[in-house]
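Next come the structures, one after another.
The same chain A turns up in both complexes below, where it pairs with chain B and then with chain C.
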Partner chain A sequence: MDFLDTIKEKASSDGNADLNAFSQRGKKIIGYFCSYFPEEIIHAAGMIPYRMRATGKSDTTKGDIFFSSLNCTFVRRCFDKALNQHFDFLDGIIFLNGCDHTRRLYDNWRHADIKPDFRYMFVAPHKIGRLAEERFSEEMVNLKTAVENAFDLVITDDALRRSIHLYNKKRQLIAALYRERLKESVPIKGSELLSIMLTITMMPVEDAISLLETVIEKIDGRKTHKEGDLRVFMGGGCVEEIAHLELIESVGASIVADNLCLGYRHADMLCDESMDPFLSLARRYLNHFSCPRMMNDFRRRLDFLHTVKKEAAIDAFIFEKLKFCDLWGGEMYLCRQESRKHNYPILLLERELYGGSTGQIRTRIQAFFEQVRNQSYTPSELVVSAGNNYKAVMGGITREEKDHS
Partner chain B sequence: MNKTKKTLKPFELLNYHMDLKIDILQFLFKFPRFLNGFLFFLRPIYLKKETAWNKRFRWLFLVLGAGKADTLELKAMSHALYAVTDNFFEVKAAKKNREKIVWVEWILNPEICEAFDLVSFNPEVLNVFANSKGMEYPPMIIEAAENQGTPIENCSAQKLAVGSLILEQIPKPSLILGGSHPCDTSISIYQTLEYLTGAPSYIMDFPYWKDEDSYRYYEKNTWELLSFLKKETGKDVDWDKLKTLLDRVNQINNYLREICEMSRAKPCPSSNSLLALAWAIREVNLRSPHMLSMVKAMHQLVRKRYEKGEGVVKKEKLRILLWFPPIPFFFYYFKWMEENFGAVIVADFIGYVSTVHIDTSSKETMIRDLAISQMHLAMGRQCHGPMEFITDEMLKLIDEYEPDCMIFSGHNGCKHGWAGLKIIQDICRGKDLPVLYLNLDIMDKRHTSEEEIKKQTITFFKSHGWA
Partner chain C sequence: MDGHELIFAGLDIGSLTAKAVLLENDIMIASAIIRVRPSALDSAKDVMNAVIMEKGLSEQDIACCCATGYGRLDIPFADLNMSEISCHGMGAFFTDNGIRTIIDIGGQDCKVIVVNEKGLIKDFIMNDKCAAGTGRSLEMLAKTLDVPLSSLGPLTLKSWRPIDITNKCSIFMELEVLDALYSGKKLTHIAAGLSDAVAKRVASLSASVQMENPVCVTGGVSKNKGVLKFLEKRMQRTFVVLPVDPQIAGALGAAVFAMRSFEKKEKEAFRK
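Let's turn to the complex of A and B:
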């Protein structure tokens, strides 16, 4: 089996086997949500941060008892897994006010009284700036204290600095992988990178670093795309299905850049190792490439579209959201308006996590790629949805409109 | 979208509130008995449902109490109308004179604009007031926003702001004051609005908790807002003006809190529709002296009934807690239940007031307490934070107001509410409190119509032997 296949296999599970082994050796594992969470603090406490996910066998049957059909499938699936004891290996879980749906995980987890006992809400500001940084660094200190109290341990500044150093190293390696994708010959697929991200966010950072080093070594000289594949940018929130990205790639795309929760944000910005560790963490996590939950940073995200278009020679943008996700829905609106101004080809896709409909999705992406190749841009529907209960509304730029302009 | 555009001239909906008919209405308010008689006499032609030809007045006539309002209630409404139209006139003048207009998001009140003598405007205003021209207008505006790509799942109240902008129904802002509350729609749409208008924004970052650290953070946001406004307008804070307004706000809050307290009495002396209306007027023009006059009239009315031991209905049969936002397109819901079933909404999500007193003795205390009091405004205080912010208040109201049942007005946009539904259900079951779970869009009658809401309510009442 190829090295990357092994990673993919791990990534497709929820990591139980490896993590159980760690547990047996007395290592504590702390689940967390969101890329605004500072893993360093957990690592400095001698524990393993585990990014929560909906992978593995689960549906939404039990999750739907607590959440409604108006909530996104990421939280419904995660909660379903929790109710089915898939997260029993966790010693603690830390929630984040990422969005309205994920913040209710904290409430429902407590209400259903699911293991583990240590459940903590870590709060990230919704804006960037001096005030927010100050507040966020206080929040970092509060988290440290909460972990210390819950597990009866001490997190020293030195340990935290060491963790910051290691995580910076991890970031640099991820960034190196991202740089490789800018090349004309792309040595790693988007789907493969997603597998790697899923894997390294459920293992000790030391192991993640050596895994990344091996990946960089092994992909040297590799070419993953066919002649004529389009170079695609992927934007979207909780995208964790490797098969979904594989599907996009299979119809003629090479995914070379992204703004995914499990993507570029993990590579962007290092922590300043020379300053107060809490302020440094606050600064890095608040100012890294943002997600649409950050209100006063959308211009930077839109500017990124232009930069990345040039740097990564993007042929087409695909943005997608899970149904009922307000935040990514709004982001798609902005990106569409901006792309329209600049005549960038963009496809907006709406779907359910692990929701199937692969036939529909394939057809839509194929049709879009066809249009891009024929230089006719945005599909006539605004948001094409996989599944049924959503109306697709008219109004995109058609070839005729483009010709007129 | 083009079709929609053709049917609305620029600012048609705002202008609708600034013409002769409003003057006539204000004149009629001076003769409340006559006005009531007139509204009562015409009941057969508008009470039951909206038709093609009654749609221009039906919503307003129902809000005015359909001929059964108390004189003081009409007095309160007259002030409400003045507060709203005064703001529209100010905005119109500002537009004409090229003065700055500050958009203030609907859960942030515009007190700070008073300190800079800036014209404030609530871009979501048409979510309530577009109904006065006809209940088809809010859906029409929502559709304009959706047609341009605003996510369908966004709260319709805020899609209305985008749609109103696209359809040129509201003036463009010079500055925007937005907030990260009460929900994701706000977070998302205020980015859209800033993008579409190009106006510089200041974001009030609403903290997740309500503790000392959170209050301090929000207070610092408020100070930073002052600096932002100073920089953008070149003006300085007029502390005396701010103090005068905040003293008045304190009075307003005191009256409203007392009304809420009196509503605990059995029978309930107050119709919560007025409290909900006061919330809407607060959103639009808290700065107007008419706001205080409005709540004074409301207070006088409720106090009068309370002292006599009278209820808002002759025979109170049912006490209801309305949880989650009321339904602007069917504002008459309160009175419809009162009239037909002796069922009184004794407390609700929006009308219940729990803001803090603002100490106006110094600049520092004013800003500190203004920040804290903003964090206690309805919708913001419950929706942004842990589920306990919704359920603790709900439990408190269940204990204090002793409702016989609850109506959960499950608004589509409030996905954070739907995500906590099981918690609400379990609490109500534990309290043995029957609940009607409505699934609707509070701004968009196409989702669940007035008829459907009535039908579900009647079925619910019947199943419990209340009708």
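Let's turn to the complex of A and C:
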């Protein structure tokens, strides 16, 4: 089995076998939601942060008893897994006000009194700014105290600094993988990167670093795309279905950039290791490439569309939201307006997590790609990093013909 | 295959029916529509056999075959596949180069497709909520009325007072139909209410794209004159009538793409 296949297999499961082994060796595992959660604090406490996920579960029967069907499938599935004892390996769980659906998850978890006993609500600001940084920094100190009290341990500043250093290293490696995707020859698929992200967010950071180093070494010289594949940007929330990205790739695309919960945000911005660790964490987690939950950062995200179009030579944008996700709903509207203004091809999808309907989704995506091939090609001035004339023929129009027309 | 020019095949394996078209010298020489079989491959084989046998041909006589529809990926003898959105656009355009918008109402979805001056997709919208307003829901509701699907259109045209069906969901629509039946409403008015309900959904979908004239309707539901009547009224447009059976537009478009693909490869081979 190929190295990346092994990672995919691990990513597609809950990863409980590995995590149970850690538990047996005395390691505590703390689940968390959202990319605004500072894993460093958990690591500094000598525990393993585990990003909560809906993988490996096929329905929401029990979850639907607690949640209305107007809640997104991510929280309903996660809660269903909890009710079915899929998260019994956890020693603690930290919720985040990423959105109101995950906020409600905290209420239901407490109400149902499901394991683990340590359940904590961590509140991240919805705005970026100096006041928010200070507030967020206090929230981190509160979290540290709560963890110390619950598990009877001490998190020293030195331990936290060491953790920050390791997580910075992990970020640099992820960023290196993202840079590789900017190349003309894309050495790693979007679906493969998603597998890696799912895997490294359920293992100790030391192992994650070693895995990322191996991946970078193994993909050297690799080419994953076919002639004529479109270079695609993916935007969306907690997209964790590897098969969904594989479907997009299978109809003629190479996903080379993203704004996903498990995506670029994990690579963007390092923590300043020279300053107060809590303030440094607050600054990094508030200012990294943002999610639509951040209410005063729309312009930066829209500007990113233009930057990424040039840097990654994007041919088409796909944005998607889970049903009932208002945050991504608003974001998609703005992105569509911005894309139309600049004549960027954009496809908006609304779907359920692990919701099936692959036939319809495939048709829509394939037709969108056919439409893009019919009408546009990446002008040479936008191909900054992708080399010369790499896409001479697109949909029957050669660059020479287009330039002379 | 004496006396034949190059022949190109288009297959449209949908959710309810499978369609095939043969093209020779830019002319459609055969077409067939069958009810789908248990597998996409069986449907493709059977519908292909129907057209090639009609013309006394064999599979080897087909220069290139393109598949479309929901079963398009499962046809090993197809040389390429295209989305049904491209194929319906191209198929309608091929029969009338003036057409710019195609409303395709198929078995399980409907699409509004705007094409450019080459018949290629310029913009499109496709229903993503449920199957209400498609062939499958009409088929189910015709069963509730205990009339053949093909008579829904003629019944509609006889009505002067369509009932108002307010639900968007097919299941709730069925309850409304039953309620109308039990309260003694005329069959014609109920059929007209159903046709109008489908038209309402399609008209609402079409508001999301910038439609261009002339407009035509393809897909199985385009044969329902009742739906067409209400759709024209709701959209305040008059539809162009295609010179071919509108249900085979997707397969025809696929055959055109097969021809284009073959010609492109020939040109590339010649250049080498």
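A few comments on the model shown:
Just so it is clear, the second predicted complex is superposed on the first by the 374 of 405 C-alpha atoms of A that agree within 3 Å, B and C clash if a C-alpha of one lies under 4 Å from a C-alpha of the other, contacts with A are read in each partner's own complex, and residues count from 1 in each chain.
Note that a residue touches a chain if its C-beta (ideal position, glycine included) is under 8 Å from a C-beta of that chain, and two chains touch if they have at least 3 such contacts.
All values derive from a computational prediction rather than experimental measurement.
With chain A as the common reference, chain B sits beside chain C without any clash. Once chain A of one complex is fitted onto chain A of the other, the partner contacts of A:313 are absent, as it touches neither chain B nor chain C.
Among chain B and chain C, the chain that touches a larger number of residues in chain A is B. In the superposition on chain A, A:275 makes contact with neither chain B nor chain C. When the two structures are aligned on the shared chain, A:371 is found in touch with chain C, with no touch to chain B.
With both structures placed on the common chain, the touch criterion links A:17 to neither chain B nor chain C. Of the two partner chains placed by the overlay, neither chain B nor chain C lies in contact with A:243. In the overlay built on the shared chain, the residue A:363 is in contact with chain C alone; chain B does not reach it. Of the two partner chains placed by superposition, A:154 touches none, neither chain B nor chain C. In the superposition on chain A, A:332 makes contact with chain B only, while chain C stays out of contact range.
Superposition on the common chain A brings chain B within a closest Cα-Cα distance of 7 Å of chain C.
Note for the complex: chain B touches chain A at residues 1, 146-155, 178, 180, 183-185, 187-192, 194-196, 201, 203, 205-209, 213, 217, 220-221, 224, 386-388, 412, 415-416, 418-423, 426. Residues of chain A touching chain B in their complex: 65-68, 70-71, 75, 97, 99-101, 103-104, 106-108, 111, 121, 123, 125-127, 131-132, 135, 138, 292-293, 295-296, 298, 302, 321, 323-327, 329-334, 336-337, 382-383, 390-391, 393-395.
Interface residues of chain C facing chain A in the complex, by the touch rule stated above, are 70, 73, 82-86, 109, 116, 118, 120-124, 126, 128, 264.
On the side of chain A, the complex with chain C involves touching residues 349-351, 359-360, 362-364, 366-367, 370-371, 374-375, 396.
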